[in-house]
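Every chain is named by a letter (A, B and C) in the order it is written, and numbering of its residues begins at 1.
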Amino acid sequence: MEKTLRELAQMIAGSVIGDPEARITGIKSFEEAGHSDLVLVSQAKFLKEASESIAGAFLVGEELVVKGRNMLRVSNPKLAFATVLRLFHPPESLQSGVHPTAYVDDSAVVHPSARVGAFVYVGPGCSLGGGCQIFPGTVLLRDVSVGAETTIFSNVSIYSKVEIGSGTIIHAGSVIGSDGYGFVFDGQQHVKIPQVGGVKIGNQVEVGANCCIDRATLGVTEVRDGVKLDNFVHIGHNCVVGEHSLLVAQVGLSGGTRLGKFVTLAGQVGTNPHIEIGDGTVVMAKSGVSKSLSPHSTVSGMPPIEHHRWIRSQIIYARLPEIYQALKDLQEEVERLKQERTNGAD
Amino acid sequence: MEKTLRELAQMIAGSVIGDPEARITGIKSFEEAGHSDLVLVSQAKFLKEASESIAGAFLVGEELVVKGRNMLRVSNPKLAFATVLRLFHPPESLQSGVHPTAYVDDSAVVHPSARVGAFVYVGPGCSLGGGCQIFPGTVLLRDVSVGAETTIFSNVSIYSKVEIGSGTIIHAGSVIGSDGYGFVFDGQQHVKIPQVGGVKIGNQVEVGANCCIDRATLGVTEVRDGVKLDNFVHIGHNCVVGEHSLLVAQVGLSGGTRLGKFVTLAGQVGTNPHIEIGDGTVVMAKSGVSKSLSPHSTVSGMPPIEHHRWIRSQIIYARLPEIYQALKDLQEEVERLKQERTNGAD
Amino acid sequence: MEKTLRELAQMIAGSVIGDPEARITGIKSFEEAGHSDLVLVSQAKFLKEASESIAGAFLVGEELVVKGRNMLRVSNPKLAFATVLRLFHPPESLQSGVHPTAYVDDSAVVHPSARVGAFVYVGPGCSLGGGCQIFPGTVLLRDVSVGAETTIFSNVSIYSKVEIGSGTIIHAGSVIGSDGYGFVFDGQQHVKIPQVGGVKIGNQVEVGANCCIDRATLGVTEVRDGVKLDNFVHIGHNCVVGEHSLLVAQVGLSGGTRLGKFVTLAGQVGTNPHIEIGDGTVVMAKSGVSKSLSPHSTVSGMPPIEHHRWIRSQIIYARLPEIYQALKDLQEEVERLKQERTNGAD
């Protein structure tokens, strides 16, 4: 792959500063860049590194200048970066067709342009859309539908009655549609409540590696369009994750949690069952969401409180030994004052 | 599947209020229910939704009434719900026999009624009990015994010397018998302590998706009868999880933790190595159990303290900025009082 | 396997106290040991158990004595324990050669002494070193190199462009090289930033079960020589984990975290993106590392503070209800003193 700066500028609606005929053969980091590589300069603090780098050109926003060097200037450099990276690095793909070692049930419907890898199991009633890819070792049990241009990586386990949209990516080791955690005590033991609902995953979703999305008890667990899950995210039964929400690594949603649109849950956050989190709300790392949260709030802690208040509380928390001492000193002072008053009254 | 209310009532030792010949064709939620569906009304707060639903009948406890509608009345409606759900939705099952793509070692003993899915590997010395099911992509290395009527879902990895009881369910992606985390420092590097014990999982256990249960260093890591693990639970080497305990998602037990019977660990709880948690104790979400806990306590925090005390501390924690300010104000006041006293003494 | 104490003593540079011809047939725990078993006595507190055990001999350090019994004395008994355990229990191993059900791409290079299990997929451009073992169900996509004597257990998923050193162990269910969590918002949705870097895992590394190590956006995510990861560890894109660091179960490193050498992160610790943790630093369980940490510190909490200070704060935290009450009492006292003064001034 080789492109001139002029060609790249056309692709990303940018302008060239410097030599439009300069040839770009790769997108690299500062440390790795050679004379024909393009490097992203996302913030002013990287300008020094840029000027010391031998990179062939820099991808910059409106306000940044790497003096005397070739630049590609765009309004949103990170977005342009995503575009040119994809140009130079097409996504991982399988060979076309169904691998001879795969097993596809006779009743499954596989689009001719779908790609099915080695040792994949596609069970009865499944359907695979055009251009979708199922990587080696993945299992689709029964009545699983996979939309067009969706990619499911290796060793993913999908139970029955799971619907996956188009343009979605599911990373390796994830489990979709296993039973929700539901039991009822009969006086002697916990009896399983059968989990007979389904899972519905929207379009343009990304599910990280080793995630778990449980099937609903009744009805459907939903992960809506544009949601991005990091690794190790747990979605309990009957949850609804609203459009374009971001769930960072190791987040756990208890059963029945409902997230609005554009919610962000930072790493290791957990939620109580059946709470709601409003549109656009941000929950900071490790928080325990024990009650519903209104839209567009930014919170921390367990129970979550307004984030800046939490920060102030944390600072004081670290000083608790001194504060406790100060309180005891004050108690003594006051006691002395009282004594003196009593003595003075004698 | 179609049953009359009379037939269902017999099955769950309930009584019919309304038309005993009413036909039920499914169990649904309020939103999804049609004229021939049965809906659980577990609490009085759902009575309004019930009366507005077009469901054919309601499953209720002794004290609830949906006026003018067909009802199935039982003493424990959630338990009855589990029973009728199972009736209408038999569990996921494989075709009988061993799938032609599976690999079963010659020395393995497979009961004629066991079902083995595609691309399953059953290693030397393994034994599979009657009616057990091993779903596609699962690996049983060596000397693994699986009890009767146990189900192991897809892409599960079971190392050697693991014993699994009967009527147990292991969900997809779980790993049983990988090495415990044990190393000894030799002055330059961490040297592996071989983990040569086994794992024993009891009867009627449920292991969630993507769990990890490590083998013991010596001896056996035990998960006893009736234990229910949610997804992403980590059980370290040489742990013992007592009968009927519940471990919610993302709980981690360090090596050598011993839980009594009927212990509940809520989501994201962690434990220190070698502690004991007594029978019936409940540890609330995200707690860090750094010391042993007596039976029948309910605790929160790290180290865990009595739960209601923890709640009060959390409330005050959120007010620490004001409390700190109040303390500083008070210090000034006292200083003024002291000054005045000194001045007065002049 | 049977060895005399004399033979074992030679192997571990120890001395025999008692009968050098005593025969040892196994290494056991106190409870399980029979007359020909060797038991480790790692601390003085186990001496009573030792003297009551029927074990044939005890492995002890310089200062411990089990009166009247056979002993193997060494300077580092835990290290000697690791050695003799390995002697009696060779590691799990596959049959030699490539299993007939495995799929190995024509362009892959497999050393004659490598062992490849059932249903393993080895993609184009992969190379497997001498004596390495790939257990059933594992997938190596493309251009994956595996060093000599490395073992990869079952159902592991390795994406393309991953380099794994020699003498390394990767446990079942782990995912190496899935995409880092990187998106850019285009005003309407989160657009994926292609993750086109690689992963490099060093020599003598151990990766626990169900771990995730993400590939770099550009460049390489590194897990260096001698690092030991427990289960469920998440390593984000572009992290560097320094030599011989220990990451306990359920630790999560955000993208770009850099750990020095011999760092220890206890269970369920999380880190913010792009921070650095210095050599030899210990972060206690459940901490949230929100800022960089200097070398050789021991910290707790979020943000982390010096561990002993954190412990004192935690103790006071549990007393916050009483402290708050004391503060309110004091406020009243001071108010009274002020009133009296005012009254006295009248």
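Note that a residue touches a chain if its C-beta (ideal position, glycine included) is under 8 Å from a C-beta of that chain, and two chains touch if they have at least 3 such contacts.
This one's a predicted model, so the numbers in the text were calculated from it and none came from an experiment.
Peer 1: Look at both sides of the subunit A and subunit B contact and report whether the same residue positions are involved, with over half shared, or different ones.
Peer 2: Different residues, largely: of all residue numbers at this interface, under half are found in both copies.
Peer 1: So what angle, to the nearest 5 degrees, turns subunit B so that its CA atoms land on those of subunit C?
Peer 2: Superposing subunit B on subunit C takes a rotation of 120 degrees, nearest 5.
Peer 1: Find the geometric centre of each of subunit A and subunit B from their Cα atoms only, then give the gap between the two centres in Å, rounded to an integer.
Peer 2: 25
Peer 1: Tell me, which residues of subunit C touch at least two other chains?
Peer 2: Residues 101, 119, 137, 155, 173, 210, 232, 250, 268, 286, 317, 323, 327, 330, 334, 337.
Peer 1: Note which residues of subunit C are touching subunit B in the complex, please.
Peer 2: It is residues 27-29, 31-32, 76, 78-79, 81-82, 85-86, 88-89, 91-92, 99, 101, 117-119, 135-137, 153-155, 169, 171-173, 204, 206, 208-210, 226, 228, 230-232, 244, 246, 248-250, 267-268, 285-286, 314, 317-318, 320-321, 323-324, 327, 330-331, 334, 337-338, 341 of subunit C that touch subunit B.
Peer 1: Applying the document's contact rule, which stretches of subunit C touch subunit A when the two form their complex?
Peer 2: Within the complex, subunit C contacts subunit A at residues 101, 103, 119, 121, 137, 139, 141-142, 155-157, 159-160, 173-175, 178-179, 181, 183-184, 186, 189-194, 196, 210, 212, 214, 218-219, 232, 234, 236, 250, 252, 254, 268, 270, 272, 286, 288, 290, 301-303, 305, 309-310, 312-313, 316-317, 323, 326-327, 330, 333-334, 337, 340.
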